[in-house]
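Below, each structure is written out as structure tokens.
Both complexes shown next keep subunit A, but they swap its partner, so subunit B is in the first and subunit C is in the second.
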Partner chain A sequence: MLQKLYDWVDERVDITPLWRDIADHEVPEHVNPAHHFSAFVYCFGGLTFFITVIQVLSGMFLTMYYVPDIENAWKSVKYLQMQVAYGQIVRGMHHWGASLVIVMMFLHTLRVFFQGAYKKPRELNWVVGVLIFFVMLGLGFTGYLLPWDNKAFFATQVGLQIAEQTPLIGTELKTLLAGDPKIIGAQTLTRFFAIHVFFLPAALFGLMGAHFVMIRKQGISGPL
Partner chain B sequence: MHRGKGMKFVGDSRIPAEKKPNIPKDYSEYPGRTEAFWPNFLLKEWLVGAVFLIGFLVLTVVAPSPLEKMADPTDAGYIPLPDWYFLFLYQFLKYEFASGPYIVLGAFVIPGLAFGALLLAPFLDRGPGRRPFQRPIANALMLLGVAATIWLTWEAADHVDWEARAESGKIVETVEIDKEKPGYKIFKQNCASCHGGNLEGGNAGPALTETKKSVDEIKNIAKNGIGTMPAGQFKGSEEELQQLAEFIKSVSEKASE
Partner chain C sequence: MSNKKQQVSRRQFLNYTLTGVGGFMAAGMLAPMVRFAVDPVLKPQKAGDFIATGTEVSSITNTPTRVDFSYEQVDAWYKSTVSKTAWVYKDEKGDIVALSPICKHLGCIVEWKKEGEHANQYYCPCHGGLYSKNGDNVPGTPPLAPLDQYKTNVKDGVLYLGEIVPNQEVK
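And then the complex of A and B:
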């Protein structure tokens, strides 16, 4: 039955090559923790992806309650935290996931670096990976403001002051991020919301797609 | 792969009509003990993921994510602090050679060089060898960078009074206060400059709306101080002191209802 369904779809869209790329390959011995316990270091990249998926899902559910507006942002987060069933858990996953994704990505970066796995032919994949790291830091910075509590507000104020020090385009950059050269307020919150929820995730998905396509094309690096 | 002449397609599409059977490759030609990704290895990955997810969920339940009181741009005494993964940069910008007139150096040139080198690492470390001792410079620089990041983060976190921060950020439920009461007028004169006009607390004194202290304890603190609060803050008669303490007690009792 399933095989028939597969064949029916395959005859029309030719999914077999895709299936081969995604699933039908073998895992070499040196990355398999069943054979070498130290091969658990190869889990960091996959766990980073796993938390990223958690972040995307929990973030989608958070936007069902969150209101990006200075009057209601804090109140909506507080309502979500205190009143909504499992709201505390969903927000907790998004909050702690933001820290864990940085930790896992850091470990993954160190694993790749110290194994010299970025050497030919994998230079481009390393560059894409570092760009993903930057996008993640940007997501952390913009997401920190959204609950609109005191620590969020003042941390963002400092961050924007640093951005303003950029040579030549400082004021323009700050205006782009905050919506105003001076005020950090209603405009800043909606801009950070837009950057956090639309712009950076779009960049992240594109880069992650490139990262994974290259992993499949190049295969995993051999043992040292 | 068959291309060009003689190919047959499904309908008028570009999908080849001739089907190749979907047989997995023969793993015997690969060195070592390889394992099929689907489904054998994927199940093991799911196992790791499941254990990780359990730990993660335990963390979210044990430590609810923090929420401070609503942003108040007029709160001049608030000491800003970024999330922990930016602390290294925050600490770095405190040093004299990286701040003030050298802010461009501290905020852009040095971090730019460090992150730029990280981005372009494959083009800087070009030798073919992958083992650690074949690339001493790259590894030494990376170890130095990691050590500096950890040390700067530690330094930044070490200077923070986390308990005082938690106290000043606490959400205070607003309580309706009868400002016509004589007790409130005494409070306004003696205590409001530190504890706020609504007993909500400020930078110098904590909120009083949730105090669990008795009337006599409050009287004693108002006269003799406690912690960083000096003695002699209350100036007035014994009768007024009694009124004040009873007023504060009544507010806290109302708040806990």
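And then the complex of A and C:
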């Protein structure tokens, strides 16, 4: 049945070369943990991507209940965590996944760094990778505020004061982030929500696309 | 082994196991999220409670009178006081009838007219819908069904109103 459906579409739009180009390629022996167990270090990039997918999915589902408003944010989080079936699990996935994605990304960075895999011709991919790292840190920073509890509030206060230490533009930068020169409140929350849910994910998808196109184009770096 | 007919090739076996394991993992990931999303559909429905209106039953007459009442509504994390209105009268047998004022045409609010052009009828200001005293829609006006009514209950001489049900007064 599925095969027939596939053939029907393929006959008309010729999709086989499309997915073959993406998915059908040999994994070099030095990257395959089945040949050398130590090759598991090559898994961290893929694991980062896998957890990112979980983050995107669980985040999408969380916004079904979450409200980015200072009156209701905490109440809605409490509701989805305590009253909605599997709320604890879905929020837990997003909560723990956020930390795990940073860990995996860090291990991936270490592997690339210590293997010297960033060297010519892959310098540009290293640059894109570092940008992804910053976007991920931004996602962590903005997402931390959203439950609007005490920990979130004071962590953001500290974070904004760090931003304020930027030379020359510190004050403006802090106002830009917080939405108000003095208050961390209604406008801060909506801004952080918008950044967390729309701006940074958009940037992340673009950068990840570039990251993957480059690795396919250049191939994975050779054995040590 | 070599003489036996091979039912499943190595490639097929690996395809099946990998798809199976992958599908199991994906399902384990997606199941909580899907259950989370469909929760409102699966939440048990609360039985409609009767709400005290504060209106003494002895004050209810044969003429429909407006009764306003309110109750606490819990909407997930948001609690609020919701106001409702009923048109209440006693029928010939002395039973209390409480009609919902929501027009069956497009949901405007109808009002009992004591005098004027539509005297002794419920009149809807939006499109001129008319209903007789027991909620029956007057033919030739927009509504296609009689007004709904509240379930009624009397406790300590006070009128309690419950959930809204289709009109049972119109025979």
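We take it that the second predicted complex is superposed on the first by the 206 of 224 C-alpha atoms of A that agree within 3 Å, B and C clash if a C-alpha of one lies under 4 Å from a C-alpha of the other, contacts with A are read in each partner's own complex, and residues count from 1 in each chain.
Simple rule for what comes next: contacts are C-beta pairs under 8 Å (C-beta built on N, C-alpha and C of every residue); 3 or more make two chains touch, one makes a residue touch a chain.
Note that the coordinates shown come from a computational prediction; the quantities given were computed from them, not determined experimentally.
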Practice item. Could you check whether subunit B and subunit C clash or fit when both are placed on subunit A? Key: fit
Exercise for review: Please indicate which partner A:Ser76 is in contact with in the superposed arrangement: first for subunit B, second for subunit C, both, or neither.
Suggested key: second
Exercise for review: Specify the angle subtended at the CA centre of subunit A by the CA centres of subunit B and subunit C, expressed in degrees to the nearest 10.
Suggested key: 80
Exercise for review: Identify the partner contact of A:Trp148: answer first if only subunit B is touched, second if only subunit C is, both if each is, neither if none is.
Suggested key: first
Practice item. Go through the superposed model and pick first if A:Val128 touches only subunit B, second if only subunit C, both, or neither. Key: neither
Check your understanding: Does subunit B (first) or subunit C (second) touch A:Gly87, or do both, or does neither?
Key -> second
Check your understanding: Is subunit A touched at more residues by subunit B or by subunit C?
Key -> B
Check your understanding: Between subunit B (first) and subunit C (second), which does A:Val197 come into contact with in this model arrangement: first, second, both, or neither?
Key -> neither
Check your understanding: Just subunit B (first), just subunit C (second), both, or neither: which does A:Phe61 touch?
Key -> second
Practice item. Using the touch definition from the top, say if A:Trp19 reaches subunit B (first), subunit C (second), both or neither. Key: first
Review point. Closest pair of CA atoms, one in subunit B and one in subunit C, after superposing: how far apart in Å?
Key: 5
Practice item. Using the superposition described at the top, list the residues of subunit A that contact subunit B and also contact subunit C. Key: 54, 75, 78, 89, 93
Revision key, fill the gap. Seen from subunit C, its contact residues with subunit A in the complex are 29-30, 32-33, 35-37, 39, 42, 76-78
Exercise for review: Using the touch rule from the top, collect the residues of subunit A that touch subunit B in their complex.
Suggested key: 10-14, 16, 19-20, 23-30, 32-35, 40, 43, 46-47, 50-51, 54, 70, 74-75, 77-78, 81, 88-89, 91-100, 102, 110, 113-120, 122-123, 126-127, 130-131, 134, 137, 140-141, 144, 147-155, 157-159, 162, 165-167, 184-185, 221, 224
Practice item. Using the touch definition up top, name the residues of subunit A that touch subunit C in the complex. Key: 54, 57-58, 61, 64-65, 67, 72, 75-76, 78-80, 83-87, 89-90, 93
**Study point:** Parts of subunit B lying in touch with subunit A, wherever the complex brings them together
**Key:** 10, 13, 15-16, 19-20, 22, 24-25, 27, 30-38, 41-42, 44-45, 48-49, 52-53, 56-57, 59-61, 63-73, 75, 78-86, 90, 93, 103-104, 107-108, 115, 118-123, 125, 128-132, 134-135, 138-139, 142, 146, 169, 171
